[in-house]
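Please see the structure below; I have some questions.
First chain written, first letter: the chains are A, B, C and D, and each begins at residue 1.
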Amino acid sequence: MYELILILPAVALIISIFADVLWMSYLQLVISVLIFSTVITIAMTFSNITVFLGSFFFIDYINLVILITVSTLEMFVAFYSFGYVRTEIASGISKRKFKFYYFWKNLFVLSMMISIVSNNLGIYWTGLEATTLATALLVSFNRTKESFEATWKYVIMCSVGIAIGLFAIVVLYFTTSQVYGESLQSLSFVSIMRASSELDKNFLMLAFILALVGFGTKVGFAPMHNWLPDAHSQGPSPVSALLSGVLLNTALLGILRFYQINWAAGIYYPRYFLIGFGFLTIMVSALSIIKQTDYKRLFAFSSMENMGIIALGFGIGGIAIIGSLLQIFFHALNKGLLFLSSGNVLAVTHERKIEKIKNLSNNFPITSLVLLFGVMGISGMPPFAMFLGEIYIMTGVFRSNILLGFLVFILLIFIFIGLFGKVLKMYTGNMDNAERMNELQSEKVTHRGINDNKRKKTEGSVHPFMIYVPLILLLVSSLLLFYVPPQFLNIVKSASYEFQGRIIF
Amino acid sequence: MIMEKIAELFIILILVSVVLNVSSPFLKFAIKLYSFQSLMLAFYIFMGAIHFNSINLYGSFAITVIFKVILIPYFLFKTLKRVKMDKEIDMYIGIPEAVVFAGSLTLLSNLIAQKIIKIGLTFGSFVFTIALATFLIGAMLMITRKTLFSQIIGFLTIDNAIFLAGNSITHGMPLLVELGVLFDLFVSILILSILILNLRRNVAS
Amino acid sequence: MTHDKPNIIYRHFFSYLSILSAAFFTFLSLYNYNNEFILQSSLVDFSFKFSPFSILFVIFISLISIFISIFSVKYGEKYDKRPSLFIYAFFFILSMVILVISNDMLTFLIFWELMSIFSFLLVIYEGNEEARKAGFLYFLMTHIGTVLITASFIMLYLKTSSFSFDYYKGAAGIIILAAAITGFSIKAGIMPFHTWLPYAHPVAPANISAAMSGIMVNMAIYGILKFLFVFSSGSGSFLGIILLIIGALSGLFGIMYAMAQKDIKKLLAFSTIENMGIIFMGIGLSYWALVENFKSLEYLAMLAVLLHIVSHGLSKSSLFMGSGLIDKYTHTRNMEKLGGLSKKMGQLSVLFLIGVMSISAMPPLSGFLSEWYLYISLISSVFTGNLYMVYFSIIAIALLSLTGAAAGATFTKLFGITFLGRPRTENAEIAVEPHIIERIGIALPVLLCIFIGIYPYKIIASLNAVIFYLTGGTVSPYPLSAVHIINARPFSLYLPALVIIAFAAILSIVIFYLKIYSSNKKRIFETWACGLDEKNLKAQYSGGGFSSSIMKVFSSFYSSVSEINFEKDVKKYFRSKSVYTEEINDIFEKYIYIPIEKLYLKVSEIFNKMVNSENINISLGYLFLSLITCFILYIFIIK
Amino acid sequence: MNYNAEHLALGCIQFFIIVLLAPFFAGFIHKLKQRARGQKGINILQFYINFNKLLKKEVVLSKDATLISSLAPYIVFVSYLLILLMLPAFYRYSLLGVSSDVILIAYSLALATFFMTLYAMDQGSAFGGLGASREWFLTVLSEPSLIFIFISLAIYTKQGRITDIFYFIQNGAENAFLSGAHSSSVSIAIPFLLFISLFIVSISENARIPIDNPETHLELTMFHEANILEASGKHLGIYEYGSYLKLTIFLTIMSLILFPYMAVNIYQVPLALTTYFIKMIILCGLIAGVEIVNPKMRVFRAPNVLSVSFILSLIAMILSIRGF
């Protein structure tokens, strides 16, 4: 049963080498749904931490939360991709390119799955580096100068970061090998947790710090975040959704593992590092978001901010951990819908600049509404699920320090200003009469060309899947506020217990 | 004991190669130096393998030689040939300053290493200092040099530093993990090479 | 044309649905007095409670939204092209009704935000640049407010570890109260936070402006009352004084700016600020009395607050609806272009006049009643002899009296320039009497204004239940006596019914007498204009001219930029044309908001250059820098 | 306060006497002024004659006039009458004394202003708008003072109704001066301050000379007259009569602040009436005197004077708080 989590993406990967793109898109739907249902089945029947595939992999509560997140978003993205591929091929992009798209995407998902469920930290590292490599070519999918530059930055920075992460693992290995000797067991997370009290505290702390900076680069903590907005904005929209929604969480998982080990060993300093980086990330995001001119970059900054909040929540502890775990899931859904719906706009207009896009409310009635509501949701407004996560985290923050709470709120308002103001600019903007007259005149001149453009630049020209998948995501996100499935809630609660070291491995 | 002393020689050579790398603006030379540096690393691992008589380290030696000494430099050379670059031209600081800076970084890392690593913990007496110095110098290379290639070199230097540190305090990671790590490294170099080619093409056109 | 058919259905369906659901909630609340409903969910429970306080607001919201919905059945035909208006409006009203019955913090916040979101969508309904700016400012401010409210709720939760309002009684300390009140005052449009209001209310369609100004701002008052009188731990009487003074200043400020406006809806929006200020004065007074334990003053001020909420809601919504009709039938909201509408829209003008009289607190109407109670409470607070309060309430009386007089001037200007005189431009010429349904929509609240003003005993008796819920005491509904604070003896009396009977009696006697004893001949002739045959319709006194003399005296309130541009011409001695432009700037906007915005932009620009560099070397530099920093911290920690 | 037939009857008589006397006071002031200027002066009953004559004349309505034009004169007139119903002059129980709240009186005055200015704007004449604007300009400045004066009185006496206020002052004065009892709540200074303040307000409210000139129809100087420029016939008549009533209201309040003497039963009425009449004559003389010695001032100097009145009433209020 558990093996299916890895087998299914692997199967998809292998098939995607051979299959035709259109066939692949159908198959991808099936496999994504299968993965999702596997994960759901696991979640429904999950009772305690289980090791599988020769103790290389395991599932505990924390990675189950992330697993659920990944599989859910992956399913939606698969559905979206179904429409995306068709729309893009219709607009004249070669099928061969999309064959690569499916190949790399499946590789990405597979390596992400491997990372998430790995028990062995070395395997975790390998998987995480593999996600960088798999997504590298997806980020440069458009083959423009900007996308290559973004990819370069992405690969270099993340490789360096993950190399530092490797050093963290080496240090940890050195520490644990004094208990277990030089064997694979010394890297096994479950074993490390069992032996946590016997480990050298200074080295554990060192390992955490290296992991924080190293994997933190991949999470997008400020000031190591610089690759993130570029990379997330350049890829195809479904990939951006996955990058922002789940890959960041996968990298965060690494930090959390080190944190857990430290916590179990009785070292409590790491929480201040998490709080510090979380706060710094929120601040950097808050102060830079207003100056962004590209809407996908805007959302990338928002991802950063949310990772900051999540880290802050984990650092604060207590009730905030539940909030952070919920936030991981909700943020993935919400960010997914933002990237997907903005993907529709991008697919039709081929324009990334905010000021060039206007009057979405007329041309893209559903998409624009989803976009607007999505931005509200991502700012933590009530009728959407992220409100729950945010309120839990903020409750924790207020419990620890009222001043910090207000400070974070102020920063969140800044983010709201940037994010919402810009999206609103795209949403509104009826043409004035003068402009309309100009347009009419220019229409006379190049009658045909304009007409073609006019026909294309509305929502109607994209595949219906692309319109309705974000909408459904939005509805799901809104519904989750009112009803979080109890089983999921139990997992989240157990995960928070596990995180606080209250579950014995 | 003898093995340890010989190992120290190799370590010193790693540092020398890194400093040479800082002092030279030529890319071909830098790749050669990297290959040499990796070889020294491999020898160091080999010495460790003999000393501890660990099969794990033998394996580690083998894959290090394969990947780091042969495959990666080979691909880098190939890419360099296709990109037709032979000299580093853009640097934020001049070479003499960079060398002096590298020296002071070594001093700094000696200071730090003595704070955290107890004597006798590592295989070879000042391995950790050298590893840290290599790491910092690699970082310096990445920060100060604008050309894409030297960033790769810097990254690889950092990677070597981490390998060195890893092998100095532990007796090598489990082979499986090491294989994964090196394979990832190799693929990332491949991808970076592809990117360099693409960027070159884009800039040229 | 075939396209329009389903849209009409939207309009009718959602208008009737609003009416029905409002009526439904009214009956639901009346039949479930003090009942509690809990909808259980997995993580949080959603609970609703029909306390007397909630019921008052349910009825208030339902009533006004019924009027507005009746009005928009016909008025909305203008917006048939995009029927989203009606859908949003329905949800807007619904969320407000549910907001006031919600009994736990999450439900409250959810519906609070839903209300904001739908009103925001309605503000940007027109979709042009003006609407976007207004909508963004509105949503930003309201978001800040929500954040503050959320913060205060979180702090309450930390204190009581419960989400339910039932546990919050007496739990809120000063910080919580301050945060909550600041948050709610943003929504209410109180003075330093009012900037959004004059932009957002005018750009929305008129029925929405009516709902926003008549109902939505009062939701903030609901929240404040809930915090101050239910959740408060009863400390910090200075909060009451602050509210009193802020309210008084806000009242004066609002009406002074209202006077300067040309746009009818903008004028009304500023008047909303004024009235919120007046309500705040009452709240502050009542809270102060609560803390200082002057019971009867507390009840009295609370009655003033509640009455003013009702009366302002009724008259302001009717006025906004009226302004919508003016806009609809003349295609302009600029009063300088109007005039003489009274002839074209006779019935509307009468309704509008009564609304105007009520809002400027002219005696027999409901506006005067609430203002009278406020005056009486202010005088009573002087009787308490509290050293600080005496001086602050004197200041408040001074400001309130100035506000009242200025309100008279403002609304004389509004009515006189718009409805009286002769049409200034073609816009005013084309006006016709609005449709009967539209007139009914306005007439109902206006009639209620008159009814409350003349026969308030019933409503005060009902409000007593709310006053009892909030403060634990009641005010005697009859006679309408204000109670002396110290020795509990009535010191003043206002009998509206008696006064109005006397008024009517004398009026009829006078008219009857003059009918008999004087000439009843009438002659219709031109208006006298110094013997000149005045053809230029613009020669009438303009709205700007009307208010300019008062504005000149109070010039320190405004930051006005006026200039006269003379057309440069070749003829040296004859100027052909000169253009006078005047711009009234909000001083808060000019000296607080815009500098803050500039500062923020500047800081983020510098920051952006520093941190988000395109350069990969610098990015890597940051990476290593943070590594080294963490490392150094680590070394310090392990020491 | 229980009313019996005597109260009602005397209240009625009081009301009618004041209403009937109103044009006389106005005429008296006018006559005094003319005499002081060396003119022969009008008949002292001239304003009654004018009123009667105006009632006989036809009403000329502008063709742009609306319902407001035919309604406003009555409402203005009746508002003043309503105030007079509440106001005691020489008898303690006015007819509507039970509801004679000071705020109500102030706002009834505002109601009259409101309708008068609407009337002015109704016909679309440029003068009307000008008059309305100036009228509100003055009202905005003087209304706070008026309310302040009233509230000072209320605070000074701890009463809210104007009948009670003056009865309290009268009682206090009687106690203090006749029986010599010591009373901290009685003061001469406070009523005196309020008197001065109210005097300034009444000059402004009644369109008297330093602020406005009631006799002129020069468009640049008109305040009050510009409002009723379009009125004719009986409308003008009741407007004029209304302005006499307003003057009387203010003079009565002034007379009561400074020297309250109100009859409490039917036997004191003759004396009280005489006293009232004498007080009013003196006040008329005072107003005439002020009008004679002062020139009309610039419009924008009005705030200077009115702010004095405002501050005086503020001082009075603060002083009266001392009593608690």
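Basically, a residue touches a chain if its C-beta (ideal position, glycine included) is under 8 Å from a C-beta of that chain, and two chains touch if they have at least 3 such contacts.
In this text the structure is predicted, and so the values were computed from the model without any measurement.
**Q** So which chain is farthest from subunit D, going by the mean of the CA atoms in each chain?
**A** B
**Q** Going by CA means, which chain is nearest the middle of everything shown?
**A** C
**Q** Is the C-beta contact count larger for A-C or for B-C?
**A** The comparison resolves to A-C.
**Q** Taking the mean of the C-alpha atoms as each chain's centre, how many Å separate subunit B from subunit D?
**A** 100
**Q** For subunit A and subunit C, what's the span in angstrom between their mean Cα positions?
**A** 43
**Q** Rounded to a whole Å, what is the gap between the Cα centroids of subunit B and subunit C?
**A** Whole-Å distance between the two chain centres: 70.
**Q** Based only on mean CA positions, could you tell me how far subunit A sits from subunit B in angstrom?
**A** About 32 Å, centre to centre.
**Q** Which positions in subunit C are in touch with at least two other chains?
**A** 616, 618, 620, 631, 638
**Q** Among the residues of subunit A, pick out those that touch two or more other chains and give their numbers.
**A** Counting only residues that touch two or more other chains, subunit A contributes 152, 156, 160, 164, 202, 206.
**Q** Residues of subunit D touching 2+ other chains?
**A** none
**Q** Go through the chains and record each pair that touches.
**A** Result of the pairwise touch check is A-B, A-C, B-C, C-D.
**Q** Please output the residues of subunit D touching subunit C within their complex, sorted ascending.
**A** It is residues 55-64, 66-68, 74-75, 77-79, 81-82, 85, 96, 98-99, 101-104, 107-108, 110-111, 113-114, 117-118, 120-126, 128-130, 132-134, 136-137, 139-141, 143-144, 147-148, 151, 154-155, 158-161, 164, 219, 229-230, 233-234, 237-238, 299-300, 303, 310, 314, 317-318, 321, 324 of subunit D that touch subunit C.
**Q** Which residues of subunit C touch subunit A in the complex?
**A** 41-44, 46, 106, 109-114, 117, 124, 126-129, 131-132, 135-136, 139-140, 143-144, 146-148, 150-151, 154-155, 157-158, 175, 600-601, 603-605, 607-608, 611-613, 616, 618-620, 622-623, 625-627, 630-631, 633-634, 637-638
**Q** Mind pulling up the subunit C residues that touch subunit D in the complex?
**A** Going by the criterion above, the answer is residues 339-340, 342-343, 346, 349-350, 353, 357, 360-363, 368, 371-372, 375-376, 378-379, 382-383, 385, 390-391, 394, 397-398, 401-402, 404-406, 408-409, 412-413, 415-417, 419-422, 482, 484, 491-495, 498-499, 502-503, 506-507, 510-511, 514, 517-519, 521-530, 534, 537, 539-542, 545-550, 552-553.
**Q** Okay, in this complex, where on subunit C does subunit B touch?
**A** On the subunit C side, the touching residues are 616-618, 620-621, 624, 631, 635, 638.
**Q** Going by the contact rule at the top, pick out the subunit A residues touching subunit C in the complex.
**A** Those residues of subunit A that touch subunit C are 152-153, 156-157, 160-161, 164, 202, 205-206, 209-210, 212-213, 217, 222-224, 226-227, 229, 269, 273, 284, 287-288, 290-291, 359, 361-362, 376, 379, 381-383, 387-388, 391, 394-395, 398-399, 402, 405-406, 409, 412-414, 416-417, 420-421, 424-425, 427-430, 432, 481-486, 489.
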